[in-house]
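Encoded as structure tokens, the structure appears first; notes follow it.
We call the chains A, B, C and D, going by the order they appear; numbering starts again at 1 in every chain.
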């Protein structure tokens, strides 16, 4: 058994869901996603026991593309994140009715398939294929099942699609150039071994940067984000913010930094600065958003800015903190968007000014929402704190000002999140009735919160899982 | 060791268990049971603390407990571990002790609130975090508690969450604290990178053993840590949240915003005394800020009419005095004042709570008066505490405050003067409060008058205990023969020897301080008892009083400078930069579109032209391939 | 058997083909009558075919001729379809001047 | 370089080549310049025949015959039929703008110069036309090659023709007016 099993399960799941019909689709999808999760856990055990679970075989001979899936700690951690979030996301959608549900759930599984592939691929072109494949389902999900005015939505979604696609083209160019240098091989090990001049590295780095900066997004390439998050159905938003953003961040660590380390070192300050600018900018913009989902989108922008800054420090702490924070943010942002969805199900609005006074009617929901909000502002004891602390620490090792400026997130973050919480949940009892969470909703929240709290106090399993692979990557970065 | 671990866990986890029970089953258990569970949880912690205290005093050795790795950073390994030494156990004693009393008090005080179980769960959670803060073996565990108590403070200030003003106050407290937290974090980063540890014990050895320390950097770290302390302990410039925090229920004000949480800053500075000792410049800053805070808060306290606001500013002022002592390196003096302050300030708050409870929520002193007869126990306990805080001899506050002023006098005369003035003002406004509340005629409505009564036993019992403690608490550190100094001695590197001898100067200073206190009381007596003045209503306040009454407009200034600018920036970013960037991206699309539109015109549809161009292109390509080499 | 190219020279065939090909191009450009354009295309095709055969002889290899054979097949198909299209156009438009065919106009 | 046969000492083959070449080029030109499409078609037939003559000269008899059958026979008949079907004559000719003619002439000269320049520039190895003596272009040999080596393309050619036939029929069928 190796990692391709997960991909196969997900792909079969996608088709099975599609053919199972509208009524059964959601359950079938949940079943397959859980199966994939179970499979990945088994694989994780095997990996920890030292069994080789990677795959490499030739796929296309001319040009030389290998079907290479490399499962190291980092990849597995991201796969686990994807596969743990997918069932939660699917389960969270149980309260909604979707037209043409079979396609909807099929697309979700297909997207999980593509994203898992991205995290595992160890061949440049295979990786690129998965990377682009992941874009297609979300395009349809956002376009067909999204909300709001159809024209506006189309505009936002098409912009997102073309923008990310255009960015990825730079990456493709970089890969083709790299494979020319590596005698036609796209394999990641061969690319790692390349010794490029600093000029070449600069351009390669920049090409990767365009792809990733748009995907992550780093300011000023973020303009697609808030609109798409707002227009997409919540499931789509969760997939986008919970997992897809992490594809960009993961790729920075996996592909960009080791392949062009000289450029990364030379322009360290600029890229960390961009990340931190994102933190401050995102936090400030989030302050005065009127739409709940948009606010969360900008908070996402701020958080991923910090993660990106951590990755670009090129230190073990920075990378480790970034990965931890990626996972933590994945969970917390899914939870928060879900909370927004729960509110929307009852009130049919996400406009913050129209909400308020929910706490008296729904104490359970309020507590859960509050815990998520607190996790999002990185209260110690939550997983996010572990990540944020590590990242900020690594920034402080580069330059104390980075830590101070990046640290403003804990002030501004608290400000906009609590402000939002106050206006959405507190205040005079709302005139509209708000039923407390249902069992289904409660389970989704409870799982997310349990994960956040557990790893908040005991992040060692994840740290131990990712550290060896991050060290390997750092060795590649520092080989000169 | 096993035993110690279990004890430590019992100590920490009992309140947490209480929290869990109250969260999940509180509503179905009923109010009394819920309150009892909450109180019991803290009481058990108190008993455990007593055991530990006994152990520490007999063996004199600190107990260290390591649970597991928490965060791994390349050069730092942070454990989740506890350190139970003299300082933390001392702190625990009054945290859990006063905590238990306040829990007991709350059962009665909050009995009419439908969310009583929630209140108790928050209180228990607070105690849990406070214990974590105190017994953490390294800075990061302290930080868990540090932020945790901030969270509980947020929850409890906003306990009556239907009122958005209260929610604003809660939010403000949390955010102000977070500003300090950032400083604390940065301080931790610097210390972590300098010494590769955040563990107190290791850090102490590392600093003691270090040969060439980067002192400027260490000072910077100390300054950052002090900013953290400023946030939590409400010092200038981060003090404005504390008076607003009075929006919470009164027991909360007593527990969190007077006795325990706000002293966390002092705890942290005392904990890291070996760091601050190496940064004399920062110590000066601390002393100056402490003195200024104490004076500014005292002046504001002079004219406040809300009974809890007076106490809040008094707290800020007293905390300022403690920092004054810390700034001079007199940690044990500060700790002493923390303890006595905890006693009498908790008592005062609880007493004010009793008054408010008796008047069904009225907090304005202008509408009180003459409560002495209706609420005798409340009156007497509050009187004792007021005497203590005013520094009247032989009450606890006298000893601790006197030691602070004495220390100040030895180091810096101007700061001594500032501190003394603040003390005189303290005596004045405390007795202003007493006279306005308990003497003369009742100024409230007839209906309130009708319902005036002494509070129940559950409320008066804690008051009495605290009053006793406020009276005799000073005995733990008598001048010249201080049990406290000896107890805390293992913690400090410097030997606090200079206060030991009592000379003429000292006695003179004591006399001056006593006279000052009495002077303050006398002025209050003349103004509010003899002349029977009642503060004017809000509209008629003018001149300097108005400035003081409005707290020097600090809130407004902060609002204008920070809040408004950030919000304005946010709107600017949202409306201009965001749309601008968006237009830019769409602009790329539009350019492409326009190019396509222009390019379309080349496609005339005339095949002849196409062919002509085609042939030309063919010529060009062919001649390039074959002829150009 | 004697190689005929000994007497004529491959370059003469090349020049003949080139001229023929250019005449084809000229015809395509010069005439607007679709049928004549077609004929010009046939001339171009034949120029190439001729060259193929000449080179086939030059190399003494039948491959060139085989290719010509296929190109004839394609040409036949092309003409058949092309003329059918022309007929259809003529039927609809009443003219076969290529100036009328401007559907490609952007 | 262009080797102009010395007409005085020309061999028969050379004379025939010159003659055929002249006819080929001349008729090709006439095809284009004739105003009447039917004349064009007839000139084209002559042109094709002369090309068939070239094939014969190169000893490719089979190809020559196929050429005559396909081009002069089938294709030209098609052309003639089409022309007659459309009933085109000189009156249909549109007046050609001067610019078009100029463009055509320019392209003609340009491409001619470029191509000739290429051939001169690339210096073909002239001379040494060795004859292996093997038979490589008789019907027998061609047939073997076609049906062995090129069998698949050969079969595909038949499919192509079939498809072309069906397409032609479909295209030229009159659509029923609804």
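A few points about this structure:
Assume a contact is a pair of C-beta atoms (placed from the backbone, for glycine too) under 8 Å apart; a residue touches a chain by one contact, two chains touch by 3 or more.
Small disclaimer: the values here were computed from a predicted structure and weren't measured.
Taking the mean of C-alpha positions as each chain's centre, the chain lying farthest from the centre of chain B is D. Between chain B and chain C the centroid-to-centroid distance comes to 94 Å (mean Cα coordinates, whole Å). Centroids of chain A and chain B (each the mean of its C-alpha atoms) stand 37 Å apart. Averaged C-alpha coordinates give centres for chain A and chain C that are 60 Å from one another. Measuring from the averaged C-alpha position of chain A to that of chain D gives a distance of 65 Å.
With touch defined as above, residues shared between interfaces to two or more other chains in chain C number as follows: 25, 29, 32, 99. Shown for chain D are the residues in touch with two or more other chains, namely 100, 103-104, 107, 111, 115.
Pairs of chains meeting the touch criterion are A-B, B-C, B-D, C-D. Contact residues of chain B toward chain D in the complex are 608, 612, 615-616, 618-619, 622-623, 626-627. On the side of chain C, the complex with chain D involves touching residues 1-16, 18-27, 29-33, 35-36, 38-40, 42-43, 46, 49-50, 53-54, 56-58, 60-63, 65-66, 68-70, 72-81, 83-88, 90-91, 95-97, 99. On the side of chain B, the complex with chain A involves touching residues 23, 68-74, 76, 80, 118, 140, 143-144, 146-148, 151, 154, 158, 161-162, 164, 167-168, 171, 174-175, 178-179, 181-182, 185-186, 189-190, 192-193, 566-567, 569-571, 573-574, 577-578, 581-582, 584-586, 589.
Contact residues of chain A toward chain B in the complex are 159, 162-163, 220, 222-224, 226-227, 281, 284-289, 315-317, 320, 357, 359-360, 363, 367, 374, 379-381, 386, 389-390, 392-394, 396-397, 400, 403-404, 407-408, 410-412, 414-415, 418-419, 422, 426-429, 457-460, 463, 467.
Those residues of chain C that touch chain B in the complex are listed here as 25, 28-29, 32, 98-99, 101-106.
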